[in-house]
Amino acid sequence: MEQVKHSHPNYIGIWVALAVLTAVELGVAFLPWSKTTLILLLIGLALWKALLVALYFMHLRFEPNRLRILAIAPLPLAVILVTAVITEYFW
Amino acid sequence: MSWLLPPHASSYAADIDWLYYLILIITGIAFLVVQIGLVWFIIKYRARPNGKALYTHGFAKAEWIWTSVTAVVVVVIGLLSAGVWDRIKGRDSIPPGAIPIGIHGKQFEWHISYPGADGQLGTGDDLSIRNQLHLPLNKPVVATLTSEDAIHSFFIPAFRIKQDAVPGMTIRVWFQPTDTGTFELACAELCGLGHYRMRAVVTVHAEAEYQRWLDERGRAAAASPTALLQR
Amino acid sequence: MASTAAVVHEPALEHAHADDRPFIRKYIFSTDHKIIGIQFLLMSLFFLLIGGMLAMVIRWQLGFPGRAMPGGGVLPETMAPGGIVLPEFYNSLVTMHGTFMVFFAIMPLLVGVFGNYLIPLKIGAPDMAFPRINMASFWIAVPAGLIMLAGFFVEGGHAAAGWTGYAPLSANPELTGVSLGQQLWCVSLIILGLSSIMGSFNYITTIINMRAPGMIWFRLPLSIWALFITAILVLLAMPILSGALIMLLFDQTLGTHFFLPAQGGQPLLWQHLFWFFGHPEVYILILPAMGMVSDIIANGSRKPIFGYTSMVLAIIAIGALGWGVWGHHMFMSGMNPTLGTGFMISTLLISVPSAIKTFNWMGTMWGGNIRFHVPMLHAVAFVSMFVIGGLSGVFMATTPVDIYIHDTYFIVAHLHYVLFGGSLFAIFAAVTFWYPKMFGRLMNPLWGKVHFWLTFIFFNAVFFPMHGLGAQGHMRRIYDPTEYEFLAPLQGVNRMITISAFLLFTAQIIFLVNFIAGWFKGAKAGPNPWQDNGLEWATPSPPPHGNFPVTPHVYRGPYEFSSPLAVDDDYLPQSRKLETDREPAVLPAGD
Amino acid sequence: MRVAFGIVLALTAFGCGGDNGGASDQPAAGQEGGGAIAPAGGGTITGTVSFTGTPPANPTIDMSEEPACAQKHAGGARDPQVVVNDGKLANVFVFVKSGLPAGQTYPVPSSAAMLDQDGCLYEPRNFGVMVGQQLEIKNSDPVLHNIKAVPTKNRGFNISQPTEGMTTRRTFNTEEIGVPLECNVHGWMKASVTVLNHPFFASTGNDGTFTIRGLPAGTYEIEARHEKLGTRTQSVTVPQDGTATADITFGAAAS
Amino acid sequence: MAHAHALTHDDVMRPPAGREPGSGVYNEKLGMWVFLGSEVMFFTSLIGAYIILRFGHPEKWAPPGEVLNVPVTAVNTFLLICSSVTMVKAFASAQDGNQRALRSWLLATVLIGASFVGVQVYEYAELVHKGFVPSEGLYGSTFFTMTGFHGFHVTVGVLCMMFVTWRAFQGKYTATDHRGVEVIGLYWHFVDLVWIILFTIVYLI
């Protein structure tokens, strides 16, 4: 079962996408919009880039489901910690 | 040493004691069930010469019973306590007209400041005394807890009140003494080598006597400022 | 069911091939999970002894405040001039007793020793997935222990801010006079965190990928399920502690302001980070004990475990819910009271899986044919003591009652009932149970029973009255209780606890002697002295390097005691193939 | 069996490897020179520090929660910040600030400087020690005192003395003016120690007089420091084997 | 070693043979993904603390670009993205068994990675020179801790990458066995992913 030259995902395409998204982020960061919209937009762009890296560069798209679950398992814990401690301020 | 809680001397201490005894009964029953069950099983099912164990992987029905019983008991305890917790520490639990008393914890002593005639803390006429908390009977008091260096914990066992004083935060907590007499105030959070010495005396006077004490100490302080104020 | 089940296939037990590695590679820098397990065992017993001795000094000071400790003269003048323990040294003692016991005794004993020793053997793997990283994990834990020990000898004394190291007391050296000691405390725990993380991703990979054919998830022994969920808790909790410790270390050295309120830092942030690690940590300290006790109680009762699936689900539930309860350590810490209500509910819910496990252990013993070998004695004591610990936990989970008993001796009683009454009894059971597999000889059962009964009695004499002390409002971590009039009547109890504690400590010498003497004078143990079903009992004692000459195949669950299929004896090992058993569906190119 | 034995060997070898750097508070041995301070010269500076105007009233100390100390102060404790006896000011620390021959090193006295805690007050309140000289702190109260030094140049310490009669020795190893000492259990307890690398300093007693001996001839600038009233400097010329007098006055307002 | 024969050698790039089906990937890849889980939690504690502290005292943070040098770090971010691309190209050539391409892509990744660390050190020197130090306040404390530990992880990544490159030059990675390249690639992409998040929430918000 010799692995013949199998298809690679379009890495250059992903590269360009990441570069463009970074440029967009830079542009958006200095716009005079309200603080919250800026933060939400920037975090959204960052998560999009992170997703691209995870899916295509780290091949999560082509891995069995069990590994994908294992890969994203710790994220809810991060969300629990930060949201719980932030409610500290709403008192 | 009695297993019961020491006599209480504040308004919501009765609720706390009641909850404590409720849980003591529930856990006491569970304790007896388990321990007696264990001893009984040990004696009844000990190995006999050609004894044979029962080959079973368990009964789902039994599992459902003790799971749901535990869950129900636990939820009931939770609901009962949530009410009491909200009354003691909820957002608007501090009764109106409570006397503000400044409790400033610092490494190894409590500086307790009483509002002067204007009844407001932080105004010029405050009276600050070291390690002595004097309170009027049956009047709600709101302790404004601040700390200068480490985390201290304002703990009066007789009033069943405990609240950490965190540096950088001002935490308000209320209680209402219901018995006259002297009680002890201790620090319940490790705050350094003198943590065990942060003892203050709490004296609850009748209303009139409290006022007389406050005026007398106010006059004495006005005559010659105490060392503490000249930080 | 065909009753005449002849034994067909038994993995060959011939003597393993000659092992030609030099002494150093074989015993000191060994990559064999069994040797690493034994190395962890010896290291953590050493630190258990140190933690115990610190406890004796604490109890002396509480029992006889201000009086010179017999033999205290040996201590330097900064700790106990003339044998009289100083308050700052007392705070260091309390801190280091907690730190050594939690991080360097109980955790390595459960996760380091039995995780390493049992996982490959019980799932039929030759060794861990990454043997060299496994060796590195031990050899990083040793310097962490030495750095922690070195802290006693530095100027200013050792860390004195509690094993929880609350900021700003731990972050501002001026408040305790301890600077280098606290920094060594942080560095040592960061290094130990690294060692634990290396261990945990090794365990997780081994359990997921290297289970022998037929060892499907629901045939895993409960000890392995517990170690698996514990490894995940270690994997995800230790880095949080490392991050928090790094920030604390920077606060002390680089002058950063994470936890110092003067510049906007948040003392509560440390408590949130510490307890977000802290509560999974205490489940790390109890889950492996629960798993091994399940194995031992099933073996002792000669009866399958009661409700295997619900036991597995309970372990998973405890592991998952463990992440959502940390706030119950902070009800009184100035945390937002609405969070308090939320954490109360999640904490009360997490008592349900523990209750399930307790009733299942009792269900296992019900209808059993119980053999009271020493591990079984400890295991039953575990159940009995853990129940007391669990029940006293309900008092603290309810926020109003916690207002009164937080930071009192009620909490100290609770934590010792679950940690000493729970984990340590389970460790005594597990060490005695797997000792023949580790060293090829049995520990003396008579001395084992003497040690058990002395420990059981003195343990209760020491820690049960502490519930009463807590109910009377006796604060924890105070150097001299006679300062308070309301504690004066309790001083008699403190003296009684101190005397019982000294007797409890001396009783442990019996275990130590029995443990060491067993290497030389213990009765020879065959491969399966307890007649258990686990795969490890199908190998010689001690198993050769590589464990299984032929990878075993698994045909049934781990608890098939008194099975109607096995006619002559009351146990049925997992790897014994009966005629009625089908070969497990093995991946192609199997051997 | 060799399995376990080998590992124990390794572990014990590592086990006792923990380094044991000695705690630095052991008495700094070998530093002091000849017995008494060998006087570098015969000159002496004496003087009295006086106080003009009405001294501010010392604040009272509320020792009601510390009975063991309260009984040592008959008429109610006062914080002796400004102690004036018929015009003479006590607790003033006078030292030679400049004018000493450069490069001259002075032997560290073998006798320890004494600091006592009596009646929950420091005695003396404003004194000096030489670099490397032992400072012996004694607790004459049956209550816990902790001594916290928060210097900037030296290494601080925070030690406790829970029982009466306890003594602890500490040394300072760099020169520093006015190291604050405080007790956290009794917030009003304050003292100040100045660390110098020469022995030419003295504190005024209740009669406001001070004497600095053993000075070689020359003109020196001396400084007088008081915890509340600030500092005064004065230059003094000391003849060979003679005595110079330097009288310093402090007014009500801190200059 | 002696016990290895129990592990059949036919294809190391697939889950261990003769075992119960586990995660569906070979041990080293599963081990790396599990390890990255712990790294996620490590950065959670650092970034979580930053978010919590900033939420509490927003006034202690300067608006983007005022103190921190955004243009230089934007280029640095692009550098790290390029190094991710060269890494994944190296992995692709390892899969195809093209030794020469593997070596050159690995070398490129090492060089770009090292230059990222270089730029970061330069940026730190610039900031410290300007007086922005960890003890400056919350802003300095959180910035230096987060980006410092990320830089540390990148440095460790570059060192491991050098080791993998050295082994590649010895022809150790064939089409059937290039686990080292894939595993170090996973770590590298993870470090890049963390930087992408860090760059946005530290520099641009």
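Order of writing sets the chain letters: A, B, C, D and E. Residues in each chain are counted from 1.
Operating definition for what follows: a contact is a pair of C-beta atoms (placed from the backbone, for glycine too) under 8 Å apart; a residue touches a chain by one contact, two chains touch by 3 or more.
Remember, it's a predicted structure, so these values are computed and weren't measured experimentally.
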{"item": "Shared chain contacts [chain D and chain E, defined touch]", "value": "C"}
{"item": "By count of C-beta pairs in contact, the leading pair of chains", "value": "B-C"}
{"item": "Taking each chain's C-alpha mean as its centre, the one farthest from chain D", "value": "A"}
{"item": "Separation of chain A from chain E, taking each centre as the mean of its C-alpha atoms, in whole Å", "value": "15"}
{"item": "Distance from chain C to chain A - Cα centre to Cα centre, in angstrom", "value": "38"}
{"item": "Inter-chain centre distance, chain B versus chain C - centres from mean C-alpha coordinates, in Å", "value": "32"}
{"item": "Chain centre separation in whole Å, for chain D relative to chain B (CA means)", "value": "43"}
{"item": "Interface hub residues of chain B, defined as touching at least two other chains", "value": "91, 107, 192-194, 197, 199"}
{"item": "Where chain D touches two or more other chains at once, by residue number", "value": "144, 146, 158, 160"}
{"item": "Touching two or more other chains - residues of chain E", "value": "23, 30, 34, 37-38, 41, 44-45, 48, 52, 56"}
{"item": "Contact pairs between chains, per stated definition", "value": "A-C, A-E, B-C, B-D, C-D, C-E"}
{"item": "Contact footprint of chain D on chain B as seen in their complex", "value": "106-109, 111, 129-132, 192-194, 197, 199-201, 224-230"}
{"item": "Of chain C, residues touching chain B in the complex", "value": "86-88, 91, 94, 160-162, 166, 168-169, 172, 175-177, 261-262, 265-268, 301-308, 310, 332-334, 337-338, 340-341, 344-345, 348-349, 351-352, 355-356, 358-360, 362-363, 365-372, 380, 383-384, 387-388, 391-392, 394-395, 397-401, 403-404, 406-408, 465, 467-469, 471-473, 475-481, 483-486, 489-490, 492-493, 561-564, 570"}
{"item": "Chain C residues within the chain E interface of the complex", "value": "17, 19, 125-127, 129-130, 197, 200-202, 204-205, 208-216, 235-244, 246-247, 250-251, 254-258, 263-266, 269, 272-273, 545-548, 550-551, 584, 586-591"}
{"item": "Chain D-touching residues of chain C, taken from the complex the two chains share", "value": "23, 26-28, 35, 38-39, 42-43, 46, 66, 76-78, 81, 84, 86-88, 142, 146, 149-150, 153-156, 173-177, 439-440, 479-480, 519-520, 542"}
{"item": "Chain E-touching residues of chain A, taken from the complex the two chains share", "value": "1-3, 5-6, 8, 11-12, 14-15, 18-19, 22, 25-26, 29-30, 38-39, 42-43, 45-47, 49-50, 53-54, 56-58, 63-64, 66-67, 70-71, 73-75, 77-78, 81-82, 85-86, 88-89"}
